[in-house]
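Take a look at the structures below.
Below, chain A partners chain B and then partners chain C, in two separate complexes.
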Partner chain A sequence: MAKVVMVGDLYVGKTSLINRFCKNVFDRDYKATIGVDFEIERFEILGIPFNLQIWDTAGQEKFKCIASAYYRGAQVIITAFDLGDLQTLEHTRHWLQDALKENEPDSCSVFLIGTKKDTLSEAECERTEQDALKYASEMNAEFWSVSAKTGEHVKDFFFRVAGLAFEQSMKKELEKSRHSTTQIGAGSLIQLEGNSPEKRENDFRPNINCC
Partner chain B sequence: MKAEPGKHGSDFRRRRKLADIQKALSKDPPDVSTLRRMAISEGGLLTDEIRCQVWPKLLNVNTDELPPPPGPELRVNNKDYEQVLLDVRRSLRRFPPGMPLKEREDLQEQLIDIILQVLARNTQLHYYQGYHDIVVTFLLVVGGPLATLLVDKLSTHHLRDFMDPSMDNTKHILNYLMPIIELVNPVLHDFMQRAEVGTIFALSWLITWFGHVLSDFRHVVRLYDFFLACHPLMPIYFAAVIVLHREEEVLECECEMASVHHLLSQIPQDLPYETLISKAGDLFVQFPPSELSREAAQQHQSERTAVSTFKDFELASTQQRPDMVLRRRFRDSVRPEHAAKSVLTKPRTNKLVKLAVMGLTVALGAAALAVVKSALEWAPKFELQIFP
Partner chain C sequence: MAAENLNTEVAIETANKVIQNHTKLQEQNKFQEIKQLGDRPVAPEELSSHVTSDNKIVKSASESQIPKSSGEKHSLQRHQSVPQQTSAAVVNKLADQALMNTAGLSEREAFRLEKFKQLLAGPNTDLDELRKISWSGIPKPVRSITWKILSGYLPANVERREGTLKRKQKEYFAFIEQYYNSRNDETNQSTYRQIQIDIPRMSPETLILQPVVTEIFERILFIWAIRHPASGYVQGINDLVTPFFVVFISDYVAEEEEVENVDVSSLPEEVLRNIEADSYWCMSKLLDGIQDNYTFAQPGIQMKVKMLEELVSRIDEHVHRHLHQYEVEYLQFAFRWMNNLLMREVPLRCTIRLWDTYQSEPEGFSHFHLYVCAAFLVRWRKEILEEKDFHGLLILLQNLPTAHWGNEDISVLLAEAYRLKFAFADAPNHYKK
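Then we have the complex of A and B:
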């Protein structure tokens, strides 16, 4: 199980993106999110059942202090913006800062995601993507552009999120069992053979270029 | 052979209620305490036509002068316009299914105008997402011009805390939830505490008066009848009653924050509303806000909340009655025999109120009586002044 938190300005399409992925629907007829809500998506990765708990937060500034309590313990932070509204891209920095504040440094993978790709021409999209890439490298985030309406890249994106979260969880699990073996010196459910501790330390932050 | 005695009984009760409401409305001044009881008791105010007449009385709003529709300049350079527009655009579900597109778009424009008008008239108020869910309910029931007046009053009183720049006071009000649950069902309370579920699942219930989460509009307006007739904290009692009603489901849930939050935030659409309403009234009487405030404050600094604004509302109710000034003048010039007559009428009125309350007690159980009493505490003040 991994916790994913979705943040970003209001009306950039956070809920729509989650609904497209979890329910495979795009509904113009949805409501503004008040407070926080979440969906669970079940995966099987390498034969192991793995759940993503995707927290959807309200975009209005006023709800930030309420939603921020739910940022805690996130493995993945997704900062969303509207590809057609550069201001929402600028605001992703603040959203990320707030979300990181509630978490251990370096414990989260970060994604920057541009939404509503279908509303832009290819040229416009490319221009915004250039800007977004700059932000992404500053934020140490992986950038994706998607459309909840057409479904473009939505599945791939969340699979990528799940993959990274899974990897991270496994590493944490290994670390935990390594600790427990050294401390208690007895049975762990996960076999440690073949996992070098060096790899774990070098590779704690997920490598964003690997796929 | 009597066919469907239950139906006849309810028909009879309905007709009697309609008559009672009309009678209370036709009094001068209107018998607001009776109207309150009618709004709380089974079925609420029955029809939207009655609501148009009674809701203004419950909020003590003078409907003689309806505000003119705003000009286009209202939207120019308006700091809230963008946000309100985005939320209203996404509120399609709040309009009756099957409503012609043109009509709905028209209402959505009106909805934006009402919100911006109220915000412009009260610059101390700050818009929140969910406010539009409240305003749309008024718009659909009473229409644009009257909705503007009612929402204006509601926003400076019942909703005042939600309209602060921050949500701190709202969080404080949410802090009343767990103490209520604890007093009624400590097992459930402990389970929820262990799960660390918090109270944010009830946030949208509270700040939209359930308008955001209930899909059947009839249920929403029924609750609005109830809330408009009661103390501003009643929605939090109602929230507690819903959680208590779902005890079994909650206890079966994995004792962990996400599961419990998820379960509770998905509100069942087939709740027994009338039973829950009378239960909420019951709890309000057993554990009034003053008794809970200490526990609630433990989680949060005690600040200016709905409770204190409610006091202002009481005061305003008595002082701002449109006919108060006239009556005062009348009283000054009243002749001694008139005064004597007024004194004589007083006990009769009280007896009538008592009788009516007893009728309600039979219908709703003893608890409702006390809810009404708490409402009466502020409603009859002007009566006392009428019969000095």
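Then we have the complex of A and C:
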């Protein structure tokens, strides 16, 4: 099981994206999310059942105090923005910072996701994607652009999230078993931290799905 | 103190009425259920359980509508040899009872309406009496005026009402003059933009999406936000306008017509201005009582969610422990219950009925609501205890099946909330005496 937290400005389409994936439906006017909504999606990876627990947080700034309580223990952070609204892209930095603050350093995979792809022309989309890629590399995030309305890339995206989260969980399990056979103490802790930058590079293979 | 005693009486009366009506409703439901079973033979066990459960007290009507589990289906199949006449006889009997109860009810309703009219006619409306009679629901034809009086918007004195309305309407439209042009200023544009985004995604869609209605909501919410900078606009506040707007507009809609289908632009401009101003003021009055729900970090909500947890731990330890065992936190589901006053959890018609009582309770929206939430949670105890993991519990609690709820369900809920309030909070004070 992995905990996925979705953050981003209001009305960028967080709920729409989740509902497209989990229920395969689209409605232009989902009610504003109050506090947090919750969904679960069940996968089977390599024959092993694996669940994504998806926390759909409210986008209004005013709910941040409450929403931050849900950020804890996330394996995946998805920061969403509206491809047609560059301001929402700028804000993804803050959203990510807030979400990372509540978690152990280097414990989360990060995705940057541009939504409402169907509302833009190909040229417009490409321009925004250039900007988004810069943000993504700065955030150490993998970038995707999707449309909940048409469903474009939505499934692939969540499969990728699930795959990466699964891989992470397996690694963690392996590490745990490795550490349990060796001595537990300050030495292993330092070792763990030393390992992490390298590990992160391996984890975030850029896999960019463009228009 | 006196008011509380009065309310006790009312609550008991309501509870009795509720139970009566409820039994009737259940019978109707069963009647339909049995009808739906159609030619299918029915097990005698099943029928007898229907009949006996009618004599029991508050068991929710909705339970009978929950889809049958496969287990039940199997038990039906096992009894396929039972002759069909049994079911026909029961159906006839239930149908007769249902008819009789409906006739009795409408007579009682007519009597209540008359009483409301007498009270409202003045010259001075007895507010205690009005609260007392409103607690168990306000008849539709007098709801609008009663809400305006109970919320403190209109005075008890009949002669002063007309003048007050005129003055307040003038005051509201002066605000519009003063502030509304600033909606696109740099400091205000994010507030205005949020309001503009939220309104089209409210319900009932057919009403809200009419341009004239959208504009009314935009103005009401923007003016309120500007005049209350400590909280500003918080999502959820928008929902709180709807019941007032819908109730006030029904004064101008034929009784059999659904408010949702009204072409609002066909109403005279003067009428619309009045409805807009009245909605603004009544919503403001409501929000005055729960402002700390929407100030920075929403302390009112955080406190109430804690109180809810504490209350539930005392009234139903089993449910409380179950939630705790699967690591469900109250904030995860009850935040919205507080932020939107349960409006996201029940249909609009139920919210309106709920507010009849909230407005006749002292501190209805800020205090009594907590007991209603507790009663609401425990109402689903069976479903909650059946869920054996975190996911199942959270999905259930965020999507409680209330779509078919009506006045009766709310009345049951309110009677239970009243009982809880009396038993778990007010009782210690009585003992001190």
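Everything that follows uses one rule, which is that the second predicted complex is superposed on the first by the 178 of 211 C-alpha atoms of A that agree within 3 Å, B and C clash if a C-alpha of one lies under 4 Å from a C-alpha of the other, contacts with A are read in each partner's own complex, and residues count from 1 in each chain.
In this section, a contact is a pair of C-beta atoms (placed from the backbone, for glycine too) under 8 Å apart; a residue touches a chain by one contact, two chains touch by 3 or more.
The structure presented is a predicted model; accordingly, all values stated were derived computationally and were not measured.
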{"item": "Simultaneous placement of chain C and chain B on chain A, clash or fit", "value": "clash"}
{"item": "First (chain B), second (chain C), both or neither touched by A:Q53", "value": "both"}
{"item": "Which superposed partner A:I34 touches (first chain B, second chain C, both, neither)", "value": "both"}
{"item": "Which superposed partner A:V25 touches (first chain B, second chain C, both, neither)", "value": "neither"}
{"item": "Partner chain(s) touched by A:I66 [first = chain B, second = chain C, both, neither]", "value": "both"}
{"item": "Colliding stretch - chain C into chain B, listed as 3-11, 21-29 or 39-47", "value": "3-11"}
{"item": "Set intersection of chain A contacts, chain C complex versus chain B complex", "value": "10-11, 29-32, 34-38, 40, 53, 58, 60, 62-63, 65-66, 69-70"}
{"item": "Parts of chain C lying in touch with chain A, wherever the complex brings them together", "value": "194, 197-198, 200-203, 205, 232, 234-236, 294, 296-298, 301-302, 331-332, 335-336, 339-340, 344, 391, 394-395, 398"}
{"item": "Touch list for chain B against partner chain A, complex", "value": "83, 86-87, 90-93, 126, 128-130, 132, 165-168, 170-171, 198, 200-201, 203-204, 207-208, 212, 258, 261-262, 265"}
{"item": "Interface residues, chain A side, partner chain C - complex", "value": "10-11, 29-32, 34-40, 51, 53, 58, 60, 62-63, 65-66, 69-70"}
{"item": "For the chain A and chain B complex, residues of the former touching the latter", "value": "10-11, 28-38, 40, 53, 58-60, 62-63, 65-66, 69-70"}
